[in-house]
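We call the chains A, B, C and D, going by the order they appear; numbering starts again at 1 in every chain.
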Amino acid sequence: MRIGILTSGGDCPGLNAVIRGVVLKGTEINNQEFVGFKGGWRGVVKSDLIELGRSNVRGISKEGGTILGTSRTNPFEGDGGPERILENMKREGIDAIIAIGGEGTLAAAKRLTDAGLKITGVPKTIDNDLDATDYTFGFDTAVQIATDAMDRLRTTGDAHSRCMVAEVMGRHVGWIALHSGMAAGAHAILIPEQKTTMSQIAEWVESANARGRSPLVVVAEGFVPGEADDAHSERGLDAFGRPRLGGIGERLAPMIEDMTGIETRATTLGHIQRGGVPSAYDRVLATRLGMAASDSVLEERWGQMVALRGTDIVHVGFEEALGRLKTVPQSRYDEAALLFG
Amino acid sequence: MRIGILTSGGDCPGLNAVIRGVVLKGTEINNQEFVGFKGGWRGVVKSDLIELGRSNVRGISKEGGTILGTSRTNPFEGDGGPERILENMKREGIDAIIAIGGEGTLAAAKRLTDAGLKITGVPKTIDNDLDATDYTFGFDTAVQIATDAMDRLRTTGDAHSRCMVAEVMGRHVGWIALHSGMAAGAHAILIPEQKTTMSQIAEWVESANARGRSPLVVVAEGFVPGEADDAHSERGLDAFGRPRLGGIGERLAPMIEDMTGIETRATTLGHIQRGGVPSAYDRVLATRLGMAASDSVLEERWGQMVALRGTDIVHVGFEEALGRLKTVPQSRYDEAALLFG
Amino acid sequence: MRIGILTSGGDCPGLNAVIRGVVLKGTEINNQEFVGFKGGWRGVVKSDLIELGRSNVRGISKEGGTILGTSRTNPFEGDGGPERILENMKREGIDAIIAIGGEGTLAAAKRLTDAGLKITGVPKTIDNDLDATDYTFGFDTAVQIATDAMDRLRTTGDAHSRCMVAEVMGRHVGWIALHSGMAAGAHAILIPEQKTTMSQIAEWVESANARGRSPLVVVAEGFVPGEADDAHSERGLDAFGRPRLGGIGERLAPMIEDMTGIETRATTLGHIQRGGVPSAYDRVLATRLGMAASDSVLEERWGQMVALRGTDIVHVGFEEALGRLKTVPQSRYDEAALLFG
Amino acid sequence: MRIGILTSGGDCPGLNAVIRGVVLKGTEINNQEFVGFKGGWRGVVKSDLIELGRSNVRGISKEGGTILGTSRTNPFEGDGGPERILENMKREGIDAIIAIGGEGTLAAAKRLTDAGLKITGVPKTIDNDLDATDYTFGFDTAVQIATDAMDRLRTTGDAHSRCMVAEVMGRHVGWIALHSGMAAGAHAILIPEQKTTMSQIAEWVESANARGRSPLVVVAEGFVPGEADDAHSERGLDAFGRPRLGGIGERLAPMIEDMTGIETRATTLGHIQRGGVPSAYDRVLATRLGMAASDSVLEERWGQMVALRGTDIVHVGFEEALGRLKTVPQSRYDEAALLFG
């Protein structure tokens, strides 16, 4: 059996470990052959591919990025669509596809599977926002990088008696903020799921300061302050009606300084959270998912993806994984919020 | 309510995060007061204790070690025993104990609970060998440290075309070896649960070498080679009948070199695996377990310990946690063994 | 002899190691006593101080920040000035001051010394821009943090075939950019000392891209593009004539994308470069400088600071250290520029 | 001009950065071509070589090990010697050799240069024991790894109230022990240059313990205790007259425990100190040395090696670099010893 692998969407530590896991299990045990599509779905549509043998994946599990490249191409746009892809697969002698990607990738894979293509999936989201799996690879690395950065920010906050604001990834969910904030002992964690008001934030900052602590505020990029504070929130608006420049962290800092009188500085961690050497946890998880994905093809689990439940790797249907973001539940937020202020 | 906390047994990254979680949840929400017993059960028996307020636990979740100190004292030895302990608790006005420790500590706690003492537990084992919880804090940090070390050893192996043997912790179970070995791409992982023969080890080493790789062999300290190779195994014996000096890693290296003709060097990671800054994963897990342990007291869960199941913190009876080591199951070993050789 | 210590200006890894070095050498060998002024010169002017014995400095050499706190207070402003300070010193029985700080601090120390005060200095600049010393503590840590971040950014650049722009500290000089850029294999390093044109930058980016590399551009915060490209440079201007928001990195990225057609993303490392655990190099350097500063007082070297020359700690007059920035010489830039494009 | 490069002796972080620096400077600026000899002098004698173009060195400066491999082969043994080497060079069209290695390599290079071969050198010693250069690449990385390990060991020491002994590299000189010990705040540093007595060591350990500290003893592998304590030293002897097994760290621990009554544990860091990702400092130094070595060939500096003096790269004759170990001077040891006990 000849199988094509693709990685799609944003970079995520562990992608190469998945690829290696698939190829080693497939070539050594499951009697499979592999090619890699270059640049995600673009490579599928354009038939841009490379051979993937054992020697191509040696030593890559500790490398960040993806040896196949990635893109945000949608397989239905332009020349794409199921017929074209099926045609390409036939011409190249490819029987099935393993798609490693996030919600968009899996949604596209579902539509293609519904149209008759043989596709199995591996979930990839650095934000940990897929409902059908306990954790996704890349998340642990991102949390560790963010935590290390916050450990550094705190000493500067202490030295200058400043409030430090750290903006982390998380457009729609606050998992990275929740975990890194708990790990670093944050005095406030602000996430998209919680419309915390500016006055609540200021209260936490002032309370920490009153206890002699230099406040650390962790904010997910998708956080929006609660409506109760329109007056303060407005200050972040661009006076000319244009979209406000800068992330939420940079907008929050002057507001906090304004409300509390405590000097406040923001740092946006940005891209460093999603690149580089994966943590041991992510390498193990990614390797296991990759090996299971090779089995998925053997077992003809089209329209399914591999997932982590407790310590087991399981298989779940695409439909179960899609359509619902795994947000931070109120109980987990309340648990963390005990430590605020 | 006034509660005593103790940490017992070997050092484990995350102990301080547990203590902080207990104290913050207890003082801020559960209306509890705390003292810390110094040096584990020794402090209980000798009534050696310190006050533990919010200010005592500030900033400690990222610190290795334990602010309470630890020891391997057994509370039943010497002056100990339930009566003495109860007497001490009454005199100090202590209503209950939170015992943070491994199997020995929890077994002692069970006996004391059976004798009427109010004790609740937090499991601590860097080896991850407790059956009633998915993971224990400290394990992730140990695996990461071992993996980082192996990443370094591999470049030296490659430069010199050597086989590198890395000995990691794991007297009775191979979890650290399994995870760090998978993460680092080991060509052989040797664990107490598997009586791998020397000829199998040599075969893996030679196979990796034949593919142009410098073999990495990861061995848990409790590994014993299979009996089929007595002849080779004997070489590790002390010629004078004394207990053999050096760990299994140092004994394996010359045997591998002897059998394969490939220059082989051993490194024993030792104590660096159990000290220092905990990983973000361990800080979050330990903090959550600590907060749940404060609730355990509130809910009078004597004779129970907190545990991780999937992403949830649950409560399980001591008897469920004891008596059975969580060994590496055959399926998990086979999964890893695909990558050997 | 009773000596006051102060740390002034921005946070810098190694400050605590200096303080520990001073106090240990002073108390154990040089028969000195110490107090710490809190919050830099503010503590001197306000007579806000704490006792500093051996027990106060234990374990601090690996801690970021400064146990004394810091500020940017000028000792001549407000209630300050030599008379007031001398008065405070007399009242507190303080014979001399060790001032740990950057150019501003040392300039103030010089004026106070000229007015008769007994002050000796320890140079502190994370930017490494003081002419009279080979290196300053904190610089090595900052370079290492920036290099680690760039190692991560490169894998994301490779995965997405993007150009990554990393903005590092360096308002007036480019040392951090030069060293971290060389270490990370940057395809362009942009520093305040070099008015590189946008077309040169675009040429390097395109050349790296043409060789199949994902370009990495490292830019010091104080870099200003050369005038030859006003047209392109203008695009970075705020259309409403206000000061441009965002740092140079964020302004450069769209310009590079515009000129080269290569998707480009910027990351501003910010405060994480100046906090947290110091590197071993900085701990050793800071400890040695601290011990030498205790000797400076013993030897009555008022108006002098300690400095590194080769592997030796030497003493130089304030006037030698001031007034001239240590910029990146053309030869060092040319050496690095060999690797560009 | 066509130049052969070789790396010889033990692994050392930065070797690849040197190779990359040579090749980039040589191919881009100095109009040179390169081949790499495989496995050090063995590749020279056996004419085992690979082409080395710009594409071969991309991305390698952050990789540990050496892409050329290394060995401890002596070029004069077996088939070797100047005639054979010259013959090989002529046949392969190689005009000159850049030898990257330690004292043995440079001594061999000197003999070959004296016999008429065109060889220039780059010093490599992780122990930093070459007299003609301030620092050698690899040393900073080794010190950082050792310091990180000691930071971890200290928390375990504190948790258990133990004395921790850390054995680091340094067969003939104590530079790694001195720097990592200072950085980690060791209570005793034991180096080959100083015949410290067991009673002095015990005194330091007891003094630290008396102040409530858990003693950290750092020992270089080549340390030998002073003769004044033969009685205690004898205990480390093998009772059967064989060479004592285990390193000095493992032999010291029971002696310290015996003399002080304080539980003592040893850790031997071993090979992890010389592999893996080089520090930023070492990458910059190695890159600069490599570029300078390309210039050395252009300038026909046969019999010379590149070296670091202050912040400058200079050229020195082999004879100046050889024959004299750069030991830790008494003044540097005394400076560190202030912190002992």
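Here, contacts are C-beta pairs under 8 Å (C-beta built on N, C-alpha and C of every residue); 3 or more make two chains touch, one makes a residue touch a chain.
These numbers were taken from a predicted model, which means no experiment stands behind them.
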{"item": "Of all other chains, the one whose Cα centre sits farthest from chain C", "value": "B"}
{"item": "Mean-CA-position distance for chain D and chain C (Å)", "value": "30"}
{"item": "Intercentroid distance (Cα basis), chain D paired with chain A, Å", "value": "41"}
{"item": "Inter-chain centre distance, chain B versus chain D - centres from mean C-alpha coordinates, in Å", "value": "34"}
{"item": "Overlap residues in chain B, where contacts from two or more other chains coincide", "value": "151, 277"}
{"item": "Inter-chain touch pairs (all)", "value": "A-B, A-C, B-D, C-D"}
{"item": "Residues on chain D engaged by chain C in the complex (per definition of touch)", "value": "24-25, 28-29, 54-55, 58-59, 61-62, 134-135, 140, 143-144, 146-147, 151, 179-180, 182-185, 211, 213, 277, 279-281, 283-284, 287-288, 291, 309-311, 335, 338-339"}
{"item": "Chain C residues within the chain A interface of the complex", "value": "7, 10-11, 15, 39, 63-66, 69-71, 145, 148-149, 151-161, 164, 240, 245-246, 265, 267-272, 274-277"}
